[in-house]
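You will see two complexes here that share chain A, one where it goes with chain B and one where it goes with chain C.
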Partner chain A sequence: MTWRNLLRTVWPTVPIVSALIITGLFLSAFGVSPGEGFSAMLRGAFGDVNKVLNVTAFWVPLALASTGLVLAFTAGLWNIGIEGQIILGAISASWIALKFDFPEPWQIIFQLLAAMIAGALWAGITGVLKTRGKVHEIFGGLALNNLAIILTNYLISGPWQPPEGGTFRGTEPFQDKAILPLFADSRLSILSIALLVIAVISVYLLLRGTSWGLKLKALGKNPRSAFLLGVSSERELLLALMLCGALAGLGGAIRVTSWFDSLRQSISGGIGYLSLLVVMLSNFRVALTPFIAYFFSAVLNGSITLQLRTQLHSSLGGILTGVMVLLVLLLGDIKTLNFLPKRMTKESTDE
Partner chain B sequence: MNETELVKVLSSIVLQASPLMIAVCGETISERVGVVNLSLDGTMLLAAMTGFVSAYLSDSVFVGFAAAAVVGALFATIVAFGSIKLRKDQFAIGFVLTLLGDKLSAYLGQNFTRIPGPHVAHWGIPLLKNIPVLGPIFFDHDPLVYFAFILVLTTWWWLFQSQAGLRLRSAGERPEAGFARGVNINRLRYLYTIIGGSLVGIAGAAYSLDIKLGWAEGSTRGLGWIALAIVIFGGWSPIRGAIGAMLFGASKALAAVLQRRYPEVSLVAFNTLPWLLMLAVLLLVSSDITDRLLIIVPIRFRQQFRQALRVRPPAALGQPFTAGESGED
Partner chain C sequence: MEVTLTNIRKYFGTVKANDGITFTFKAGKIYGLLGENGAGKSTLMKILSGYQAQDSGEINLDGVACSFRSPAQALASGIGMIYQDPHDVPSMSVLDNYLLGRSSGIRLDREGGKGELLDKAKRMGYPINLKTHIDTLSLGERQQLELLRLLAMGAEVLILDEPTTGISAEQKEELFTSIRRLADKEGKTIVLVSHKLSEVQELCQHVMVLRQGKLVGKSDIPCSIEKLVGMMFEEIPPRQERKSLVRDKFTLEVNDVNLESDRVSIRNLNLAIKAGEVFGLAGLEGSGQRLLLQACAGLIHPTSGQLLLGSEEITRKPYHRLLNSGVGYLAAGRLEEGLVAGLTLLEHVALSDPDTGFVINRTHFTELTKTRIDKFKIVGIPSTMIDALSGGNQQRALFALLRTPLKLLLLEHPTRGLDVRSTDHIWQLLFERVKEGTSIAFMSADLDELVGRSDRIAAFSGGKMSRVVNATETSAEELGHLIGGEQ
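Right, the complex of A and B next:
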């Protein structure tokens, strides 16, 4: 193996190591040694069984949203509105949980279904604004995200306010049967993991093995020629967005019925925006998204422990993931680094 | 409401709109040259934090604005380098920077939240501020507000009246044509994207040093996205953009007035106003529905109405440019 091939082999780790070094500098700048900081994060994520269960519970809705986003990205859509779709899913599941009383298994089934429908419809609004109104999905989605947040705050402080009122910013806890069956004392539900596995496999097969997946890819790569070839873009775009919204809504339902037990003020915890980063880092490959999402979940939960230990703001986790995605995006593929000498980047012929 | 109150409200709209006007100018310049800097929301947060902290530590607002401009220029450089040199997705880079700016501002500013610091001093323009009605609305503010108005006019003149502006716009409309006439497209794109970014940085600091005084986590969150939407509404013209910024300010002022008048109506209804307005104006300027509705306008005026309502983005917006076949090197 020549040094050139060696460089090409180790290159993908360069952005990741650089991101760790940069985050380490941010730690030292605030008087915490990088070793101490990273080990606090690591212990916060995997220190004991409860921590691992917590990371896993946070991971499920994030991975669900990321899985859905792969569909939207494949169709060439920037579904920033996913945050709002998660919130609408959470609101609808809460609505069924608070206001209806179905027999045992149906309660949860209806909650999840309502969440998926609401997420899909909320995504559909963004879609119609784009296909019919020519409003870019970034702006449509963003406005709808903010409307969804305002709607949550309205429900919590108005019609769904707990009877005792109080300062607590959330609804009253749901009835027992509305909560997903939880693993031991954790906030993790086995059912939600099963749903995630089904979602990942379905999306994988949908993109790999069906003509619809092929159409979607064609649309994402070149909308104009796909149109000329007779791919009806409006229907495919709407369908891709709404499927994404349905999975995001399901994620929202899992947030309210296992991570929490009620509708809270910032119910999504930013996992919508985070899932966009996950999918970008995966280079839009659905098989990779669950693993990257797990890493993100570990970093985020770890940085909350870091804050408890060192009083440093927990946004450090966001800095680590953000810098990592940025560097991978910019520098991850050595073949595109046209500022390096050609002989370093081009394929080696002498084996 | 009497005249004094109305003047007061209008004057506050002008004040509130001034940072948005600066940000809109910056992004308009950047998009006119062909580069979408989507990172506005994160840039403004980080610049607001940097501006406040620098001004606090140095006890000088000038240092604050300079530091904020550097932050904006830095983020714009990343967007420009990634999209022009590396030919990566502008939206992706901009979006990651949006989140990163948000997190960086929260982390780096954590020891400086909710403390009083220096701010831009009030300075009414002598004589002009004594003009009835117009004086208090436009000429009795601080230098930043005047800077915003001068910037809007200068940017408009630069873009549409000067030779340099012609070259600038050619890079965003038809880079091949500009290149054929000897314009170095990519150098222009770097230059103006970075200038635009530093203006966005100044806009961020305008919040922490002038409008919302001080720093708190997420203090300007959302405003960058509003500015991006106003650029579209403004049809990539600084003057129309300034009008958009003031309309946005007016909608907030209106909400505040209505809320005092009708306390029984939930706060929710008023909070949704800016976002519904954003959707409505974007629909108005870009959807075909507008064209269909124009049928009610007499045919003689239809063309003028259409021009006034519809907007068209620069043709080569977001598209990388490579001169000829051989590439840039």
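Right, the complex of A and C next:
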């Protein structure tokens, strides 16, 4: 094996190892031994059964949103609005949970369906703004994220305020049958894992074997050529965004009906933005996203223990994942780096 | 400033864009640089203005050898270029644009710049409003501003790339007057890149002609149009006999059509193409022929007039509808407009097939792709990435993606970059379609191809279509005249 082939093979580990080293240096700078720090993080994530269940429960909605994002990214769309789509899903599920009383299985089914529809419609607004109004999906999405947060705050301090008075924290806890069946004493629902598995497999099959997935790929790589080959961009882009929104909405519903038991002020906890990082780190491949998402969940939940052990703020987990994403984006594609000889670039001689 | 080019070479792969060009531009003179599309004019001017570097050869300014790594360096040495699309910042004000690119320290001297700009504009006789923003100006006004900016930054040599495309007749007069003044009174060296022979004759004192990257002729002006055309185009070999397949039925009728774009507009165009006819569109890039093809494909719509496909009115039908009605369109840029880099051949076949179901049947499409690969002689397998194919194979892949049957096939430069054998093969396949009654309208910069493959030919120049000539009876000379805008 030549030196260059070797380099190419081990390359994907380079950003991950570098991120660990940089974070380790960070820890040392604050007087904590990196070994101790990382092992505290590891124990925080997987130290006992409860911790594993916790990491897994946090993982499900994050992985759902990431799975949806793969669709949007494949179509070349930057669905920053995913955060708002998660929130709208949470709001709709809460609405059914608080205001309706359906018989046993239907309560949960309607909650989840409402959440998916709301997420899809919220994403659809971004989509129509893009295809009809020429508003870039990043800007449309950001605006709608803000609106979603404002809507949550209005609901919990206004119409859905608990009767004992507004704490501005959240609604009153949902009725029992509105909560997903939970595993033992944890906040993890087996049902939500089943839904995630279905979502990942569906998205994988959609992208791999269907003409719709192929159209999304073509649109994402070259919209002009795709158009000329006969792909109608508006319909496919809208559909991609709405499917992504539906999965995000489902994630939001799982947040309110298993991780929490009510609609809270910062209901998403930033998992929308986090899922963007997950997808970037997974190089937009749906088969990888659940694993990367699990890694994120472990690091973030583990660093809470790190805080207790070392008095370092738990945002260290955020630093580790953030640095890793930056390094992957920076170093990810070995071909684009300058230290290997470039392939002959073709220039046009057309006049 | 005297500019001497010695043995300038620039190759792109196997294409010799500039193949040993030696020439001297003297101070105070106006030069015309002529050549058909792909002759190497733009490459040479890009090298001179620092936009790209030559592979070998030398540029001397007043006897001093120079090499530029950027347009800014070239400008610092005194060479400024005005592009067809002025390189200004549309959302900024006139004054800010003027001040842009000057290394005058940290503080921006607005007041000083204002006085200077007004003074210069007055000398050139340009009306200028400092407060307006670039995007509200006409192309001609932007050109004037760019000219002032280059002069203020010390340009001694001015290169103008097709400066009269898209500006009004008055602005053209103003431009020519100021160019003459700059050459006569201020001793500037002017190079005009143009394909409008009449303008070159009107403005220039000397002319150099490029063909296939070589300097093939120079002359003083005045000289006859015949001589210029003779230098620009090679003699074409006599047309091989081919049986006409034209049927007595119209496929496409263009009635009083008006088309608009930023660059060029077409007025009251009338044209009819019969079934089984091959119609060639000659003309230099940007003369309107592409606009016509795009309108027939439904990619742009006429501002007035009527387009008929057979008996079906298609004037305002969108591209995808026409695709289903049997209109095919292949653009010139392969990987920009037509193919999707990062997808395989098989995926392209599945994508372009209107009968692909929701679930892609891999076995079916593997077989279908293999058949197409054989038929179109593509070097590759169904799972080959389209961008891993060579240019010629990509071109053949584009043809392999066309639907069947087709009523009308619109082609931009169908065989550009292909060798003789591939070109023949492509046309052989095209004529099979023609036999079935498909009409072809194609634009090409290759006179051989136009004369050899068409039944009839028309040339475009500045948005006007020439008279239609029979391919069997025309000559390179006649086509050269039509391309140059002579009627």
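Keep this in mind: the second predicted complex is superposed on the first by the 334 of 351 C-alpha atoms of A that agree within 3 Å, B and C clash if a C-alpha of one lies under 4 Å from a C-alpha of the other, contacts with A are read in each partner's own complex, and residues count from 1 in each chain.
Quick note on the criterion: a contact is a pair of C-beta atoms (placed from the backbone, for glycine too) under 8 Å apart; a residue touches a chain by one contact, two chains touch by 3 or more.
Just so it is clear, the model here is predicted, and its values are computed rather than measured.
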Chain A: partner with more touched residues, chain B or chain C: B
Which of chain B and chain C A:Thr9 touches, first, second, both or neither: neither
Which of chain B and chain C A:Val135 touches, first, second, both or neither: first
Contacts of A:Tyr154 with chain B and chain C, given as first, second, both or neither: first
Touching partner for A:Lys215 - first (chain B), second (chain C), both, neither: second
Partner chain(s) touched by A:Leu229 [first = chain B, second = chain C, both, neither]: second
Overlapping contact positions on chain A, where the chain C interface meets the chain B interface: none
Residue ranges of chain B in contact with chain A within the complex: 38, 78, 81-82, 85-89, 91-93, 95-97, 99-100, 102-104, 106-107, 110, 222, 225, 228-229, 232, 266, 268, 271-272, 275-276, 278-279, 282-283, 286-289, 327-329
Residues on chain A engaged by chain B in the complex (per definition of touch): 26, 78, 80, 129, 132-136, 138-140, 142-143, 146-147, 150-151, 153-154, 158, 273, 276-277, 280, 312-313, 315-316, 318-319, 322-323, 325-326, 329-330, 336-339
Residues on chain A engaged by chain C in the complex (per definition of touch): 209-212, 214-215, 217-218, 221-222, 224-232, 344, 346-351
Chain A-facing residues of chain C, complex: 12-13, 15, 17, 37-43, 52, 285, 319-320, 323, 329, 331-332, 335-343, 347-348, 350-352, 354, 356-360, 362, 401
